[in-house]
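A quick write-up on the structure given underneath.
Each chain carries a letter (A, B and C) given by its place in the written order, and its residues are counted from 1.
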Amino acid sequence: MGNFKGKDILHGNQFSRKDIDGIINVASGFEKELKKKDSLTLLRGKILATLFFEPSTRTRLSFEAAMQRLGGGVIGLGSVESSSVAKGETLADTVRTVSQYADAIVIRHPRTGSAKEAADAVPIPVINAGDGTGQHPTQALLDIYTIKKELGSLKNLTISMVGDLKYGRTVHALAELLSLFQARLYFVSPLALRMPEEITSGLRAKGIEVIETEDMLKAASGSHLIYMTRIQKERFADLSEYEKVKGSYVLNKAFLDRLKKKITILHPLPRIDEISADVDDYPGAAYFRQMRNGVFVRMAVLAMIFGKA
Amino acid sequence: MGNFKGKDILHGNQFSRKDIDGIINVASGFEKELKKKDSLTLLRGKILATLFFEPSTRTRLSFEAAMQRLGGGVIGLGSVESSSVAKGETLADTVRTVSQYADAIVIRHPRTGSAKEAADAVPIPVINAGDGTGQHPTQALLDIYTIKKELGSLKNLTISMVGDLKYGRTVHALAELLSLFQARLYFVSPLALRMPEEITSGLRAKGIEVIETEDMLKAASGSHLIYMTRIQKERFADLSEYEKVKGSYVLNKAFLDRLKKKITILHPLPRIDEISADVDDYPGAAYFRQMRNGVFVRMAVLAMIFGKA
Amino acid sequence: MGNFKGKDILHGNQFSRKDIDGIINVASGFEKELKKKDSLTLLRGKILATLFFEPSTRTRLSFEAAMQRLGGGVIGLGSVESSSVAKGETLADTVRTVSQYADAIVIRHPRTGSAKEAADAVPIPVINAGDGTGQHPTQALLDIYTIKKELGSLKNLTISMVGDLKYGRTVHALAELLSLFQARLYFVSPLALRMPEEITSGLRAKGIEVIETEDMLKAASGSHLIYMTRIQKERFADLSEYEKVKGSYVLNKAFLDRLKKKITILHPLPRIDEISADVDDYPGAAYFRQMRNGVFVRMAVLAMIFGKA
């Protein structure tokens, strides 16, 4: 694994396959340690600043839990306040100021490229927790960690990604990371929400087998794991179009019965109705475990950038 | 005392008289320990999540102080954020997600029954910090703790409850807990805001002497302690009716002079004008001490659910 | 240095020259200690409550970082919540309640005199973090600390203050503190925003040389340090008047070239355009270091009021 001490975590593509193996190992080590003892002290005295210029409570709480589980402290801006702190001030000035108080920064911002801009302004490590339609690298890492943990290996997997593949930042980044492990990928979506051409062609250029289809059952039948995403109403100009596709991508008990094989199910959450509640007790339903894995992976990333992994 | 490790704290009636004695002892122990040393470490490494779907800053700060005084950490949602986290997501999904980050949850929610719903969704302990017109058990416990501490005993007490007894969640729960200790109770209110019939009859069925009256002076004259509550304007259809009763339930220096005996005064706060500022220096005015006791009681409850009491 | 244990920090004029020397020493000691070790434990187990009735995220984060770097904990109200906690409740009742949970309070409030009012209501120490047009003593202290650190001494300095000297709470307090050290002061502002007469006459009565001018270059040429402030549009009835003066008080690379001498530059931040980004790399540009010094100074103040300095 590369040395991430003092480094920014901005983009999924900054990790080699070796890096990812390393991060998984560190995260897995923390997961085991937390089972044995209540309290770690690796980052005692360190302060993480969370700057959320748009709400993402899930991600914020996950980072705060990760930092505290390592013995560190947190100071933070909520989205309401952050809009006031930035009033008339450049993003660079805001993060420069915050960098005087904290030892690392997690930033969420609606503008693509903003995390890079923040990182360039300060000498302390900056973690991108989502910059518009851009990146959210710790999300991709926790997805990979969950796949490894649920399936035992990242090798020779076939994975279906379902739903909004056009706008879904999560599936773009995950597909990219999975390409390091020679996965076979099904992309299941309505035509209007297909995976962008540059991504599929990029994957194929790396020798990854990509199958695009509208048929979720067919894809799932050939897959070890299905990664569901939400289809957002507001993406559709024609609402009747939305109502039509919405129904076709619902994973429920009936679907699992038709499937006639075991499968692992992930979802970045929140879900609305694309996974029914009657699936929650299914052994392969891993989406809440996925949330917990986010804490271990973020612990690993934090320990790494502080040079303590 | 029962074993509360891993248990939810949802309703005042889950405590036996022995449980309450036990909680008082644990809280009292923490109160003494905090006088001797700055810092306890009983819950080091544990994380409490505070989920406030409606504002109750007082309760939130009290829980956060309690958790930190035991060495634990806190992650939390304010009411502004919590509305966004829940957008389109079920309460069960929200608490299931948060349960992946934290070791226990405190929840405040406007809907009666929501705390139970949250508790049923997750394996970690959930503390109800107010669910609509339902329960707020740690408030009742801190009231009991304060009465014990101020009066030396919970036995053979006569207690007046004054103000809005119809809608006041606090007085309902307190009356119920006091019934375990054979208290005599005066219920002092305007007719429109009388204690609900099912509560008074329930108390009487347990052999508790209940006296309902509109005369605060008469009740106080026979009582060891007076529990004041706020009468809310918005409860009255006829505003002139409100103005009339409002004046009759003001506890001020003049009232205490007429009373010709010492009495202990509690109030869940905030007060508006039902207790005058000229009462604040009166030795029996215990409503700010009551706030402090809330921290000790919540420390006890937290220690108990983590199996560390 | 006086004994500040248990004392309120309300006004810049409560400090003698000896006190300021002492605070600088304590802050400097913490700055050095933090370079050697990650974690201090001086205030372990102590809780600071931050009550911000108007937003000042910069100040809040600085106090939170200071408290955590000393090992203490923080509970807090944001400006959104604080408005709800205070609904119908007196400020005195709010701080009395909070004083039951915390060991010290930092308060920011739009009303002049509110910090004193809060301090009078509670036995625990209260730090004024800005009360309307009144005081913000830790800001003045961090400015003094920065001047000492950047220039090596507080003696025999000539300092220019530039911009809005009429409404600028910061420059009023700083001028007062600097008068303890016999500084020579240039006050540079448009006529409409001159330093209030009572301040200049008060300084002169103490034997301080005060030069008022509209010429920033002249003032800077004779100064060791220039303290820039923002000129707020909304102060001007006639907008064309604003546009005229605005341009004259911009510190940029071109100005520094014309200046032909080294100078130290401070600014309380946020800046809008009164200091150009092309100045940020100038060795004397100390405004971000000034932010960091705020943490050390606030650590000193916190340690002092807890009797641990």
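Some observations on this one:
Throughout what follows, a contact is a pair of C-beta atoms (placed from the backbone, for glycine too) under 8 Å apart; a residue touches a chain by one contact, two chains touch by 3 or more.
Because the structure is a prediction, the values reported are computed rather than measured.
Superposition on CA atoms relates chain A and chain C by a rotation of 120 degrees, given as a multiple of 5.
Shared residue numbers account for under half of those found at the interface formed by chain A and chain B, and the copies are therefore classed as meeting with different residues. Centre-to-centre separation between chain A and chain B, using Cα means, comes to 41 Å. Across the assembly, chain C contributes 78, 80 as residues in contact with two or more other chains.
Per the touch definition, chain B reaches chain C in the complex via residues 37-40, 55, 57-58, 61-62, 64-65, 68-69, 78-80, 269-272, 277, 288-289, 291-292, 294-295. Chain A makes touch with chain C in their complex at residues 44-47, 49, 73, 75, 77-78, 80-82, 84-85, 87-90, 92-94, 96-98, 100-102.
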